[in-house]
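Next, two complexes with chain A in common: one pairs it with chain B, the other with chain C.
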Partner chain A sequence: MVGWSGRRKTLTILMFIAPTLLGILVFSIYPLVLNTFISLTNRGKFRPNPDCSSPIWNIVEPTCWLGEPPKGLAEPYAFNDPILKNYTDLLGGLFTGAALVAVARLVLILLPLWIAWYVNRRLDRQLTRPVSSGLIWLAGLVGAVLLGWLINAPAAYSALLKSGDFIMVNVRTVLYVLVCMPLFFVTGLVLALILHNQNLRGVPFFRVVLIIPWAASTVAIMMTLIWQFFFRQQGTINQLIGSALNNYRPVTFLNSAGWAFAIVVLVNLWYTYGFFMVTLLGGLQSIPLDMYEAAEVDGANWWKQLTSITLPLLRPVAMPVIVLSSLTTYKIDAIVWALTQGGPIAGAGTPGATEFVMVHAYKQIFQTQAFGRMGAFAVILFIALFAATLYSLRLTQITKGATE
Partner chain B sequence: MKKSLWILLTVILAIGLLAACSPKEPAATATAPAVTAPTAEPVVQDQPVTISIWHQWSGDYLNAITEAFNEYTVAHPNVTIDLSKPEDTSNALSVAIPAGEGPDIIGWANDQIGTQALAGNIVPLGDYGIDLTFLNSTYEPAAVRGVVWQNMIWGLPESQEGIAMVYNKDLVSDEYLPTNPLDFEELLTKAQAFYNATGKYLVCNQGLGNPDAYHVAPIYFGHGVSEYVDDQGMVHLNSPEALAAGEWMVRFKAFAPAETSHDICKAMIVEGNAGAWWTGPWAIADLEAAGINYGIIPMGKPFVGIKALLLSKNAVDRGNQAVAIDIMKYFTSGSVQAKIAAANKTIPAPTAALMDSAVQALPSLRGFGASLNLGVPMANTPYAGAQWGPVGDATTAIWNGAQTPQEALDAAQAAAEKAIDDMGG
Partner chain C sequence: MNRPPALGAKILMYAILVTMSLIALYPIWFAILASGRSGGRLYTLNLPGMFIPTEWTWENYQTLLNNTPFLTWLKNSLMVASLTSVFSVSLGTTGAFAFSRFKFRGREAGLILFLAIQAFPGILALVPIAQILSALGLYRSHWGLIMAYMAGQLVFATWMLKGYFDTIPIDLEESAMIDGCGPVQSFIHVALPLARPQLAVTALFGFMAGWGEFFLANILIPAPDAKKTVMVGMYQMAAEVNIPWGRFAAGAVMVIMPIVLIFLWLQRYLESGLTVGGVKG
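Presenting the complex of A and B:
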């Protein structure tokens, strides 16, 4: 056997990666191309079939590859005129004056927080800090709340919601992610800190029990239905209160927008805290104990140790977890569908209070079968999520080791 | 030596993957045989042939149906019938039909006819010896209307179904039962009287408190709405009749459960918390299993769904159409459907089966039959897809008090019209 010659080596490497490359092409790239293509057309219930006599369709449409597709009574689908019609239909409302002003008002609320971040960064460079960073963050937060009250944030929010269903569900979903993440993190952290305690007995048992909801996520729908039963008019909670109180009129939790939103948050918290708990526990175990010993010698109390040692050193573990969980929470579907089906419904043609992005897409596509428009929906989401993922990769430096 | 072996293995793997991904030979579609002349005679099949049927029948329903097909294959030894029930018929068809791997016959609901005819997955039966004279002389009038779309015949009707008030005889005495199916004021009064006397709800309708345009149809149609959406794509949701139905719901709400679903209603009637369940023949088996002594009375004008056998494009491609139509005629014949109706308690579509004495003696047939008699056939136009979401959502908004009937129905009208626009008909 002779050694590796250049060409043979290249060929061998190519052969090794060919199956994966082919897999990526067939299962990732091609569906993206096809979907983008369909998003430019008027494909729908009344125009379900491609026109295989045209060369572009013949290349892109899989039904054309198998021979002639069936010819029904319908016309074949064609490019939209103007070609981006599906996109302008979805996003058009965002580029009106009222909606842009609303976005600007909401962004303005974040200004005090940005100032707090900037001031803290400047102060970090000085040898001694005149004020602690927590105090400045608090001031920023108070400023944001005050500003929100001054420019009437709820009004701006509802103005933004009125600028179109697509924008409404997206803004609501972002709000949902913003509400969920701190809850997930704090719950996961508290449980991780408790389980990290060396003096606690039976830690292995609790570790296993607490991770069950996350680990058993394959039965998520079944468990979600049980959660739903808790909150129904005839459900467990109402029955419990009813047996304790006389003349109690059962509350229909899932018919109230606020309650339904809170319940969807709660159930998702129940599924996700285990993931946060386990990863943060791993992070805690990787922090050297001598740091705490040194801090104790210096007279730092528990809170000081938490904020100055534990949290900063958990950051490399916590950031990827929060970013990944934000992305999956943004795409939440099955749990919401099983709990509320996007409801409570505020009326026909208006997305319900818990109709998040994926639930909305599902409802739309099965009601109208407007595949072209939903293709555009998917492309816009893809661009947004892709940008978010790239940014988060930079933020968390997940791939740092691989690229160095 | 070892290295070259690995390279060889890799090449084999890659080729295998390529072969798996390459498109299938379009043999089935390319070599479509000439269409044989239609024949009214029973088909004599001299070559062995397998007819594949995709269907929606499940559970105990399927037993009697399989038995009927077995009898056919015993009489026609060259014919094999392959029954299968795909998870998602609509998507499965759109992949299988162009590939030539679709079924010969599709057993489905008539409301799929428009969509499937547009897509070209099913073929009209007029070319194969089925005409309106045969249809009118064999099947019930509503069933015939249900399988004709755009003046073409798209299937042979097998059975009809729809909902009625199924009540617990041990819980609801005659004084609380409505006597006139179209008098909703009477139903309201009796529900109130029943609630005041027992603290229980008279009837659970899973369309009130849960988006479900099908189960509230008897209320809208019973108040005089002709159709939600018609074949021309016109929407009839904010008419005075629909508004009257909406206002009736607001008053009825005090004497009915706020939240419902199929399972909630079932639990309520089985546990004795509700006197009646506004439901269809599919629920009867559960009630019998729970030992409920039930009766059935008509109320309102329900949707009448027609189950039909449709002929797929692939049957014609394969030259199986004559045998397939023979099987369709056999299965939808009076004698076969009478047997199935007696076993499954369905309402047969062939007139001869409906008139059969054994079928006439079934109590469920009398109740559901009276209800279907008043009913509105399920639309087979693709536009009907636009009705479900808006009607369900508007009704739920009325029921929750999120909107007044006028607001809710105006929004439903606009949403359904927009959905029809989006369909691009």
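Presenting the complex of A and C:
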């Protein structure tokens, strides 16, 4: 009975937690603190060294702790004036009139979809539905597209892109995630539905073959280097098209902004559909079969069964998968790096067409070496990602039980 | 849905499955083909050679193993990845046990903190980590790289192991307690043996994360060649001016194949972990 309760309990808990907590403090939390500190300073290529004579630096800066601190000809770095300068530099462009108008216009496009969602929710409460939910969603979608055309969404989008590099890469990354998710989901769902069919032979074999790309995603940087061969001038794709068409002039796909974006989507689809397929297959297997039998007695056809039984019941599984995958896709790095390195660029000094958030951060650390600004970059993204993670956990209840 | 599908539907389903399987396999198959092609040529200019082996030589494998530091890179990667995995699991297990079994003040805050750290991508921590490492004299050393990987892996391991301890029924430990076991004994003799499969899976995740990581390794160990990990070394081989493509493909095959095979072998266990890993990304 020693140590389960009472005074000894605290000691036991401490003893268990100490190694883990110490490790996390040293390896994870201290870098975060140091990063936040650097984000308030003008540290950079020309002011790399700390001023160890000042007390704050002495506490925070590891270079001040041991032996001789590094000294250079340059002045030591100092706090910015105003202290949040790095943050306003990054986000400032968003709070100008033109950018805010652009954001408002883009948000306005979502209005029909919101109306569709609202109408659907109202109709769900009624006993008999006058219109099916799919039709309302379709109407909402058509409305959104029409509205987007009316208020000239592409113009609003490019106006937003002009309000600073940080906002540009973030908006582009969000667009990328929005393009990817439906593709991932539909591909995963189609394959899961096929593999769920018990009357099909060879399902176990195909299941293993089809998750190979997902397995390869653990070495994404190497695998993607192989991938980019296909899109070169003499690559497989050009050779295939060339053998089918006469007078075909090979395209260097990765040098064109539109193609490069599409290719990054497709290659990521190759890595990710397996994850969707496997998890959605798990969800399908949990749907009781007698529901379909009842539906068949009622004369519901395949499509009706899919939209009124499968998809609604798949929701608890699909939502976490989509949310988690959105976060991962937002942080895409190795795939882009191996394919395009963020290029192709439209002009010197501007982010390339596939320069998503993480790639941008990596390039900035290398090129401008504005460590202070990169610190602020990290803090802003950290807050955003943490908020998104917390929200997604509430949404998906993945930690239900874990944090209780 | 469990009715036998019509013939047309069946043909369509098989067509989709076969097409997707070919797409899934082609990149790896292409790497194997290219690794057996002599000289620096990546492509044959005849189309069939892109799909079926029209020639085969072991030359690329031989040069890669004998004339380049490939084996050293492999050794470095193996070392960094396995130590990361061993350290993160051994430091994480006790904490995971405590978070799963005890109620104490700050427990929830701790769990949220874990999530917060997992939300923070490694690349963004590069600046402070590089700085700490150079202050400690660990810049350009494998130990420094292991430390950097620990930043993400330790939290991940703790989170995953906690989730597993939660699923182990507490009854066993309660009966151990009645027999007079303290928390330490019941941890060592009851919980730990039961958690062995998850310990192995978590360790494997730590290993795969270290094995495939590129960005931190590229910045924290920029030189010399003999200290690089295999991902960085191979990436730089692919960036050379006169790229020995066949050699590169041979290396890629040797790096990718083992991890794919391990994954397929243990897929059942790994899948559940990867869903948790999705939080980490």
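By definition in this document, the second predicted complex is superposed on the first by the 393 of 404 C-alpha atoms of A that agree within 3 Å, B and C clash if a C-alpha of one lies under 4 Å from a C-alpha of the other, contacts with A are read in each partner's own complex, and residues count from 1 in each chain.
In this section, a residue touches a chain if its C-beta (ideal position, glycine included) is under 8 Å from a C-beta of that chain, and two chains touch if they have at least 3 such contacts.
As the structure is a prediction and not an experimental result, all values here were calculated from the model.
Trainee: After the alignment on chain A, I want to confirm one thing: do chain B and chain C clash, or do they fit together?
Mentor: Once chain A is superposed (C-alpha atoms), there is a clash between chain B and chain C.
Trainee: Identify the partner contact of A:Tyr30: answer first if only chain B is touched, second if only chain C is, both if each is, neither if none is.
Mentor: The answer is second: A:Tyr30 touches chain C but not chain B.
Trainee: Pick one for A:Thr279: touches chain B only (first), chain C only (second), both, or neither.
Mentor: A:Thr279 contacts chain C only, not chain B.
Trainee: For A:Phe206, select first, second, both or neither according to whether it touches chain B, chain C, the two together, or no partner.
Mentor: A:Phe206 sits against chain C, while chain B stays out of touch.
Trainee: Per the overlay, which chain contacts more chain A residues, chain B or chain C?
Mentor: In the superposed model, C touches more residues of chain A.
Trainee: After lining up the shared chain so the two structures overlap, which partner does A:Gln234 touch, if you call chain B first and chain C second: first, second, both or neither?
Mentor: both
Trainee: Taking the superposition as given, does A:Phe16 touch the first partner, chain B, the second, chain C, both, or neither?
Mentor: Both partners, chain B and chain C.
Trainee: Have a look at where A:Leu141 lands relative to chain B and chain C in the superposition and call it first, second, both or neither.
Mentor: In the superposition, A:Leu141 contacts neither chain B nor chain C.
Trainee: With the two complexes superposed on chain A, say which partner A:Phe377 touches: chain B (first), chain C (second), both, or neither.
Mentor: It touches chain C, and chain B stays clear.
Trainee: Between chain B (first) and chain C (second), which, if any, makes contact with A:Leu311: first, second, both or neither?
Mentor: neither
Trainee: One more residue to check, A:Trp65. First (chain B), second (chain C), both or neither?
Mentor: both
Trainee: Is there a shared patch on chain A that both chain B and chain C touch, and which residues make it up?
Mentor: 1, 12, 15-16, 18-19, 23, 62-63, 65-66, 234
Trainee: Residues of chain A touching chain C in their complex?
Mentor: That would be residues 1-4, 9-10, 12-13, 15-21, 23-24, 27-32, 34-35, 38, 61-63, 65-66, 190-191, 194, 196-200, 202, 206, 208-216, 218-223, 225-227, 229-230, 234-236, 239-240, 243, 270, 275, 278-279, 289, 292, 296, 302, 305, 310, 320-321, 324-325, 327-328, 331, 333-334, 337-338, 358, 361-362, 365-366, 371, 374-375, 377-378, 381-382, 385-386, 388-390, 393, 398-399, 401-403 of chain A.
Trainee: Of all residues in chain B, which touch chain A in the complex?
Mentor: Counting only chain B, the residues touching chain A are 1, 3, 7, 10-11, 13-14, 17-18, 21, 23-24, 26, 29-30, 94, 97-100, 115-121, 150, 211, 257-259, 264, 267-268, 273, 313, 382, 385-386, 388-391, 393-394, 396-397, 400, 402-403, 407-408, 411-412, 414-416, 418-419, 422-425.
Trainee: Over in the complex, which chain C residues touch chain A? Could you list them?
Mentor: For this pair, the touching residues of chain C are 1-5, 10, 13-14, 16-17, 20-21, 23-25, 27-28, 30-31, 34, 42-43, 45, 47, 50, 87, 91-92, 94-99, 102, 104, 108, 110-121, 123-129, 131-132, 134-136, 147, 150-152, 154-155, 158, 162-163, 166, 177, 180, 182-184, 187, 208-209, 211-212, 214-215, 219, 231, 234-235, 238, 245, 248-249, 252, 255-256, 259-260, 263-264, 267, 271, 274-275, 278-279, 281.
Trainee: Where on chain A does chain B make contact in their complex?
Mentor: Chain A reaches chain B through residues 1, 12, 15-16, 18-19, 22-23, 26, 42, 44-49, 62-63, 65-74, 232-234, 250, 252, 254-255, 341, 343-350, 363, 367-370, 373.
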